[in-house]
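Note that the chains take the letters A, B, C and D in the order they are written out, and that residue 1 is the start of every chain.
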Amino acid sequence: MSQEIDDLGIGTKFSKRTKRIINSDGTYNINRLGTRKGIKDVFRYLTTVSWLKFFLILFLGYIALNVIFTLLYVLCGTEHISGIDPENGHPIIQTFFFSIQTFTTVGYGGMAPMGIATQSVAAVEAFVGFLSFSLATGLLYGRFSRPTSKLMFSDNLLYTKYRDGHGLMLKIANERNSVLLEVEAMLIATFDQMTEDGEIKKRYYRLPLELNRIEMMTFSWTLVHGIDEESPFYGMTEEDFMKAKPEFLVMIKGFSEVFGQYIHSRKSYTEDDMLWNKKFQAIFGPNEEGVMEMDVRNINLTTDE
Amino acid sequence: MSQEIDDLGIGTKFSKRTKRIINSDGTYNINRLGTRKGIKDVFRYLTTVSWLKFFLILFLGYIALNVIFTLLYVLCGTEHISGIDPENGHPIIQTFFFSIQTFTTVGYGGMAPMGIATQSVAAVEAFVGFLSFSLATGLLYGRFSRPTSKLMFSDNLLYTKYRDGHGLMLKIANERNSVLLEVEAMLIATFDQMTEDGEIKKRYYRLPLELNRIEMMTFSWTLVHGIDEESPFYGMTEEDFMKAKPEFLVMIKGFSEVFGQYIHSRKSYTEDDMLWNKKFQAIFGPNEEGVMEMDVRNINLTTDE
Amino acid sequence: MSQEIDDLGIGTKFSKRTKRIINSDGTYNINRLGTRKGIKDVFRYLTTVSWLKFFLILFLGYIALNVIFTLLYVLCGTEHISGIDPENGHPIIQTFFFSIQTFTTVGYGGMAPMGIATQSVAAVEAFVGFLSFSLATGLLYGRFSRPTSKLMFSDNLLYTKYRDGHGLMLKIANERNSVLLEVEAMLIATFDQMTEDGEIKKRYYRLPLELNRIEMMTFSWTLVHGIDEESPFYGMTEEDFMKAKPEFLVMIKGFSEVFGQYIHSRKSYTEDDMLWNKKFQAIFGPNEEGVMEMDVRNINLTTDE
Amino acid sequence: MSQEIDDLGIGTKFSKRTKRIINSDGTYNINRLGTRKGIKDVFRYLTTVSWLKFFLILFLGYIALNVIFTLLYVLCGTEHISGIDPENGHPIIQTFFFSIQTFTTVGYGGMAPMGIATQSVAAVEAFVGFLSFSLATGLLYGRFSRPTSKLMFSDNLLYTKYRDGHGLMLKIANERNSVLLEVEAMLIATFDQMTEDGEIKKRYYRLPLELNRIEMMTFSWTLVHGIDEESPFYGMTEEDFMKAKPEFLVMIKGFSEVFGQYIHSRKSYTEDDMLWNKKFQAIFGPNEEGVMEMDVRNINLTTDE
């Protein structure tokens, strides 16, 4: 039986219609004010940006820190760096490269610090430099070990024939070449209802699925909610769906062997993502040699009923 | 039904009233004697102190180790470090910087070790130095990957109208810009009761909540304990609460997508943290464009009933 | 009661007989098309290949990167590297070793970069070099911390006397010198059945086991499915099994103390792996001193009934 | 009701009495033959040995690798290392220190490799050296992040008055200055029984506890098995216990906030560890200021009933 749930932490009464709360890809369409950012958020950002951006940020940090230390050396006086030969180029440029050599601990020795001030700056720089690469090591490992779900959802939610009536169906598949174990699914529908007071009340339903857990997802899994008498959608036509402006949230949790931990993934569908009276095509089957084959790009293939 | 529980690992019979066991922020107000500290506790300390303290400790360790090696070099005789030029400063100062150059593996070469004793010390120092930065790498990553809950609790526990009677309410919100999944809550109340023998017995109750689990906490969650006939607080007035000196412990567990693991958080309330006949204001709602907005700083906003 | 399950994510209707889906060792016999590879997959590959291959790949990457930087230095002109003495060998060879000295941050100094172009290349190389070793650190740790199950399965699935009838039995043992806790097992049988329409339909059954969970597996565990009236195999002879061409999938999950996390392992058996009317020999027992002894190599020992 | 369980993965029928399977501290008294060791087992060893042994092994590995490379340099001819001055000591000794300088990437430069053979060896050595420190970094982090339970068990299992009859009691406490959450306990008793055939059969019972789970263990937890009519020990005297030679296994699982994961701990008791007609003393209580105080060293304190 579809269970109406009181709250999803989102609340129920609002004076005007709300835009969709969850975007299609599962991210939230919420302005959060008053949250504090911390170093952890920087770490999180650095572990989630693209690889290109990541290395760019690292490199820019590398250059920036060396510029700062170059200025410190200049303040102490570049004459305290032995081996700086004006014929080799501007002293400040050479100081910059001396800074690089200290920061990375290469330390050729052609240029070397002299005097307490400059040697102290170099001592601090070697410390900061080595520690920076320690930091980069941690970030790199954080990026590698962060489990990414690479779970594909069908673009569409289908309203299709199911048993004696109709059902809502969507499909998930694992993009990665591995299996997900202990896969659990939850489908939640929310839509606005006008109350007698003229207020708009959001209602939430947890829609029962044909199966809400499978032990092993090798290829794909078609999630099915049968629209029986107990479903909140019982008797609704295509126009009724459009008017109710439902938002469907599917939440998947599974154990990834690759990462040795549970991963979560979700996607949101609105009535615009729905297809009517279509059914999914199979995306796997035996090829000529009898070996099972699957093409994940076909996850969205549908045909008329 | 409120379940009286026998023990929370805290025990029940004491001869005098106890101060609160759990501080407001969830830390424990307990003296532990006889616990052994280990290296793990040092590691734990270093992963939980503030960033400023952390880098300060690292830097001081860096300097301290180099001072120790400087003394070893002096013991071997600073004349065994080639390149030490008295005109450059005191030999011991220069030895210190030579130590720095070896420890960090910069190794300019202007100063270099000679003779078996000094070269051996340098061999050990290079090993210790590189290993120290390996240690720092592990600590840095430990700091980054340690899940911090950043869960906000309302400062107050409200006694407020609920359905036909009254209830106790508190609010939690996620400070971080992400969601918590599979959020479970438990509310435990303990208060002293005088027994016939004149002993003071601590009683523990697990207070049932309107909801003790939500699948996804996007904004906030108001935890509600309805004070019905089965609640141990049924029929108690404000004075009764003050006399009983209750301590409320709320324990939250949720799955953090950011960290890919479950995090726990808790907070303690005493009767001094209670507000009477007030209710919480909503902290989220649609803004002008219809986009949901939430201000976590408003978590403590209340109004009269 | 054997539970027929609708789907294992594999589907049920195919027009021709399929080859076995899961290989004996648990890997999948599936062609996946359209999956995208990402850097994470490279990371996964590098954490799962053999140690020999791993170090070989690292070393080749080391050489390759240095070859690239050598070309860059040559482009800038090898005369900008001081200390290159044609009498020491071909300048390009010496440039290669200069590149090595910069990449690894050894930086002897005998050869050193001059001029902005070459010094800039060296600055980038020192950055890339140090970061490469950071990467290697992450990969090394990834390899170490990846839980491997080292769970042994008996090569054969036995059809043997059990209680008043017969049963299917297999054995698992922990190769590692530790225990598995909270060990759960699931046995799934799939076989083809011809339907009236002439289609071949795959049927899946979850076979109940005598025990599907033990708290602690010290030595080994013999999994037993009793073939009673409710078993799909009730009444089947050896020929019936051969004709049905069943595929048995056993899935094990346990908590590894060594790794502090749950590990999964599985194996597939076909009718060719079955032994008839044999029973397993015990693989542990007390030795002369009364100390329990176990030889995991005996996991496959069977005797006639 | 005490549940007799068929197997603990240990088996039931043996021809002679067995020595205890699990040692007091939870380790296993089992000879395992035929297990294969892998690199993972080396990693596991290195993460579990004492800190002193660990650093000793690292240092010896450091010296050993450098000795190997020294031999390689000698094979190539020490004359290919510039800067080796026979007046500074034996060339092989100086070569050793040159190897150290390359391995650790200090690279002073006073000694530097010449010729393709020696430079190639140096190139390999710098690679191996840096990678060795990467390895050490991974091992260090593995050591830090490995959760250790530091759970204390009372040395004795008490047979004591409980309610109207008697019970078996033991105590656990957390040595670490933190709490354990979601603590679950299981108590299993095994003892030999002589069957009619003269065989000795091991019987296993899962003994029900007064509480088998507490949400939060702040101080300590006294586990209690009430010996009622359903207990396998009902009616047994002290002599009966001695004759049956029982082995009790207590298994604890809890969530450690420190490590953010579940930890397991266990201990075994035999009849020699039992105390008769004694009860545990409380180990915590309020001190003069009313603050709760606990001394874990008192976990074994008992008094007569």
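Simple rule for what comes next: contacts are C-beta pairs under 8 Å (C-beta built on N, C-alpha and C of every residue); 3 or more make two chains touch, one makes a residue touch a chain.
Just so it is clear, the structure is predicted and the values come from calculations on it, not from any experiment.
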Steps needed, at fewest, to go from subunit B to subunit D via touching chains: 1
Angle of the C-alpha superposing rotation, subunit C to subunit D, to the nearest 5 degrees: 90
Same or different residue numbers at the subunit A/subunit B copy interface, by half rule: different
Equivalent interface to B-D, taken from C-D, A-D or B-C so that over half of the residue contact pairs match: C-D
Chain whose Cα centroid lies at the greatest distance from that of subunit B: C
Centroid spacing, where centroids are CA-atom means, of subunit A and subunit C in whole angstrom: 26
Computed distance of Cα centres, subunit D from subunit A, in Å: 37
Residues of subunit A whose C-beta touches two or more other chains: 101, 105-109, 137, 141, 261
Chain-level touch network, classified as line, ring, star, complete or other: complete
Subunit B - residues contacting subunit D, complex: 6-11, 14, 16-19, 21, 28-36, 38-41, 43-44, 82, 101-102, 105-109, 112-116, 119, 122-123, 126-127, 129-131, 134-135, 137-139, 141-142, 146-147, 186, 188, 251, 253, 259, 261-264
Subunit C residues within the subunit D interface of the complex: 51, 58-59, 62, 88-89, 93, 97, 100-101, 104-110, 133, 136-137, 140-141, 144-145, 148, 150, 175-177, 179, 181, 183, 210-211, 214-221, 255, 257-258, 260-261, 282, 284-287, 289-298
Touching residues on subunit A, where the partner in the complex is subunit D: 105, 107-109, 137
